[in-house]
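Note that chain A is present in both complexes that follow, paired respectively with chain B and with chain C.
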Partner chain A sequence: MIAAPRLRGLLLMAPAGAFVALAFLLPLAILLSGSFQAEDGQLGVQRYVQFFADPLNREVFLRTLRIGFLVTLASVILGYVAALAIVDLDPGSRGRVIGLVTLPIMISPVARTYAWIVLLGRTGLVNSVAHEFGFTDAPLRLLYTEPAVFLGLLQLLLPLIILPLVSALENVPRDAVPAARMLGAGWWTIFVRILLPLSREGLGVGGVLVFTGAITAYITPAMLGGAKVLMLETLLYQRVNVTDDIATATVITALLVAMSVVAKALLNRIARGRPLGRGRAR
Partner chain B sequence: MTMRPWAIAALVAVLLFLLGPFLIIVGAGLSAGETLTFPPEGLSLRWVWAVLQVDTLRHAFAISFSLAVLSTLGALALGIPAAYALERLDPPGAGAIRALVTAPLVVPGIVVGLALLRYFVIPLGIGIRPALLMSHTALLVPYTVRVVAASLRNLRVDIEEAAILLGASPLTAFVSVVMPNIRNGIVAAFILSFITSFNQVPVSLFLAGPGVSTLPIEMLARIDFTYDPSIAALSALLALLSIAIVFVAERLLGLSRYV
Partner chain C sequence: MSDAFLELHGVTLRYGRSIAVDALDLSVGAGELVALLGPSGCGKTTTMRAVAGLLKPTSGQIRIGGQDVTRVPPNKRDVGLMFQSYALFPHLSVFENVAFGLRLRRLGEAEIAERAAAALASVGLAGTEGRLPRELSGGQQQRVALARALVVRPRLLLLDEPLSNLDARLRLEMRTEIARLQRELGLPMIYVTHDQVEALALAHRIIVMRGGRIEQDGAPAEIYERPRNAFVARFVGFETILPATSLPGAPRGATAAFGWRPHHVQVGAGPYEGRVLGASYLGEAVEYLIESDFGPIKAEAPADLPRHGPGDPVRFDLPLSRAVALEAEPAPGGA
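Now for the complex of A and B:
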């Protein structure tokens, strides 16, 4: 027999749970189960074998992993640089700077990504400056390249790691760093031995958001990568829209979900303070 | 501790990287020239004016706006009771439902749209607008649950217990005691959800169809054949609108605490 308030709680949660299950989980489960079914209806991994047999698919898969990894790495580095500077500010300006970091999250990704087209296009700022100073004869192709996608994603996702790092670093005891310095620790030692371990949780949360955001992004690779620099999401869209290839779409879906789950597990491990490849921390 | 100059320089560089593109888009959108350039060839509002006259964009704006309002209201209607139950009533299976209602955050949006289209919308013959509304509502439920739960966590339980001891029914206690105290959280959830739905592309990508397109999708479709500053002008307009909303919300209720 369940107590009355708990039963009431169940009833209050039921509509949200039922709606999400029906409008979201059920169709997704059907789609994903299709990826383990061969054309003759047999269960198996045949579709995955077919997917990876195609060199273009392999290239797109590896590129998505590569871009996801590089964007995460760069955001961790820039995120720590920014967050460490932010927690050193006085409380008033800290709030204002956090506001400035939050602001881009609220602006349409299409609008933000369009700025890179203005910057990197054939008649964009970079090309005009390069031409003006005589560095180049013909305009450089900067758009529809991997670095363009990398920059766009980094700009889009960086706030998502700065904010959790700031909240994590705010909780580091105030005198820990001066104490370590007094005892002769250099800044690298202070970072690795004190700040990094004490901000692991923020690193885990932010890292997952950035990596998942990067590998599942659609707008940025569509606008800055186009058909030349396909990532898994743009490949999925192209396959479904051009050839109605649902088989490939289901495999890509499963791959993206699996990559997110693995990244989350890895980063949670780091966040809990167990370095990879070593046993339980003593 | 005094700030080292290199730390300030690095922070300014990061902020410039984050906000620079926005300044560029405003500059390019206010250009008086015929082509998309930065720095702009003179300043004018001609492209802002021109883009406001385009019928398909106005139509798409209306759809995006009503879609964002309706899906936000739907997600609040589902999310507020769920958040209250999760925070206060310790229901059986809370962990599973918490995982379920936050699941839309971790699955790629484009896939959500595709799955819904294939196995729900087409077989049942659902129209484009209800399909968009369903998908956006499901997408926003995690946000409303999270933000409302956070503000419930900051509210002392005693006051509603006092109300119930004094004879209020649980419903009366919620409506006249709890609701007024979490109003800021609900408003924050509304703004966050509205902006998320309004800017959403991947979920809507497969669901949008002939004649019914959202504003960001219409913009994406136009980029490939637009060489004048009109899309930049529209982007600048949207960015300024978001900034205005965020600025007012931040002043009134400290929105950044909920993001």
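Now for the complex of A and C:
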């Protein structure tokens, strides 16, 4: 009798499950297994060794990790600040502010990225203002730099962490923060010991969305970084479309999947509330 | 009171144009349990939160133990607060909830364990250390909140409607518990409630509030038996309140109105005539709502007297000998 509802549940999940299995898991498995197969058909990590033997590939890989990490870090910090402020609003204005936060998501990434080009280009707004006020003699090269890619990605992905953080922080019991204050906790302690552990699911979800989004974004690094600031995704596109190097492409894809999985595991671990003790109370 | 432990001088809290607390003067002596009593919106919770430091007064001064704490943040005031919602930390075990404040005081692990265990034992919750708050009943959560507030040995404890989420039996039990702890610790407390029964049973002194001001400040018996004005009288059960001018033969002077509890009204005989609107059997007594020239009158008569049904004409008396004389009320809301 107990098994019946479970069976029904499984049946109901079957169509979606089958779709995911056929359209996603299976191709992914084929792709990943391909990356572990050398040209002569032998199983092994030979393709990975070859990939990392190339200094350009190493550089791109490390840059992707770096930009992914920095964008995630910055969006976690800015996201918490924004989410805490939003949760503090009365429900009416909260809805309006959340609407504003989601607005950029509805605008085409290409249009948004062009806006950055307008701002950061050689004759862009930033350079003309800096020149006008005599801060610079020659225009600064802002476009096709890592900071430009970082900025573009941060703007693109920030809403994806604000929203889960807001919904997580909304569920923190109303008096938990004043209760901690009354027991002697300062703001940092309250954040680390109360708010962070109670919003860890939002942090996990948002952090993974941002990190994965940052390392797999194509338009932003392509337009703001170009060939000078290659990331794995832009390199992948080059390998497939320009050099027709499918082998390297499968390795890059596998690396991106692995990075996402590792990032998720790490974020879950970091977000997990440590018990107050172990002599580290503050 | 010169030996006041907590003093509020002219404390005002303003939200935009509305005034939540209006130039309040209040004091609590060392070891005294004072109840702030009043309906919702009377400013009692706002006053308590200002004492806690969670709200900043617009003007006025708050002193604790002789020290001006008006600008001191709540985490530096050494004041405990037990929230109506308990406000336990849902992700921490019962033990860690109680130990939270101790850890912030950088005590040794052994002392933390010992004091937390003792605090839990003192509220009858030894053995629940490892559980999460959601695994406890409402009454048990309430006790954890009390233990958590007391374990850091605050110099003043504030209780915000601490019993309002409990059923009747637990309420009595908790009330006894709070009274016992207060006696044993000699800890000054402010007890915020809208329930006159709780205030009467627990407090050494009751401060009745309305519109951010104090209506009356006195011992429980004084508040209950000699309410100063109609507002306080209604709050402590004087259901029938009539202006002195409407009563033939009533003395004039300072008395603005007279008040009667339902059982003070005599039903079945007397100079006045009315009609029964409703009658409810309460066991020992019958409660009547009588329509009269004075307006509706609530009366209670012993059940063994002849009964009256709805629609019956009935004679009644409002004996002045049993009435409480009330002063005129200050105009509400002013300033």
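Heads up, the rule we're going with is that the second predicted complex is superposed on the first by the 240 of 282 C-alpha atoms of A that agree within 3 Å, B and C clash if a C-alpha of one lies under 4 Å from a C-alpha of the other, contacts with A are read in each partner's own complex, and residues count from 1 in each chain.
Going forward, a residue touches a chain if its C-beta (ideal position, glycine included) is under 8 Å from a C-beta of that chain, and two chains touch if they have at least 3 such contacts.
Predicted model, so just to flag it, every value in this text is computed and none were measured.
Enquirer: Looking at A:173 after the superposition, I want to know if it touches chain B, chain C, both of them or none. Which is it: first, second, both, neither?
Expert: So A:173 only meets chain C here.
Enquirer: What is the contact status of A:182 with respect to chain B (first) and chain C (second): first, second, both, or neither?
Expert: second
Enquirer: Is A:77 in contact with chain B, with chain C, with both, or with neither (first, second, both, neither)?
Expert: neither
Enquirer: Answer with first, second, both or neither: which of chain B and chain C does A:192 touch in the superposed model?
Expert: neither
Enquirer: Check the residue A:249 against both partner chains and state whether it touches chain B (first), chain C (second), both, or neither.
Expert: Once the two structures are laid over each other on A, A:249 reaches chain B alone.
Enquirer: Of chain B and chain C, which one touches more of chain A's residues?
Expert: For chain A, the partner with the higher number of touched residues is B.
Enquirer: With the two complexes superposed on chain A, say which partner A:129 touches: chain B (first), chain C (second), both, or neither.
Expert: Once the two structures are laid over each other on A, A:129 reaches no partner at all.
Enquirer: Where on chain A do the contacts with chain B and the contacts with chain C coincide?
Expert: 178
Enquirer: Any idea which chain A residues touch chain B in the complex?
Expert: By the definition above, chain A touches chain B via 2, 5-10, 12-13, 15-17, 19-21, 23-28, 30-31, 78, 81-82, 84-86, 88-89, 97-112, 114-119, 121, 123-125, 128, 155, 158-159, 162-163, 177-178, 212, 216, 218-219, 222-223, 233, 236-237, 240, 246, 249, 253, 256-257, 260, 264.
Enquirer: Can you check the complex and tell me which residues of chain A touch chain C?
Expert: Residues in contact with chain C: 173-176, 178-186, 189, 193-194, 197-198, 273, 275-277, 279, 281-282.
Enquirer: For the complex, give me every residue of chain C touching chain A.
Expert: 52-54, 73-76, 78-81, 83-92, 96, 99-101, 103-106, 109, 148-149, 152
Enquirer: Touching chain A in the complex: which residues of chain B?
Expert: Those in contact with chain A are residues 1, 3, 7-8, 10-11, 14-15, 17-22, 24-25, 28, 35-39, 77-79, 81-82, 84-86, 88-94, 97, 100-101, 103-104, 106-112, 114-116, 118-120, 134-135, 137-139, 141, 145, 170, 195, 198-199, 201-202, 205-206, 216, 219-220, 223, 231-232, 234-236, 238-239, 242-243, 245-246, 250, 255-256, 259.
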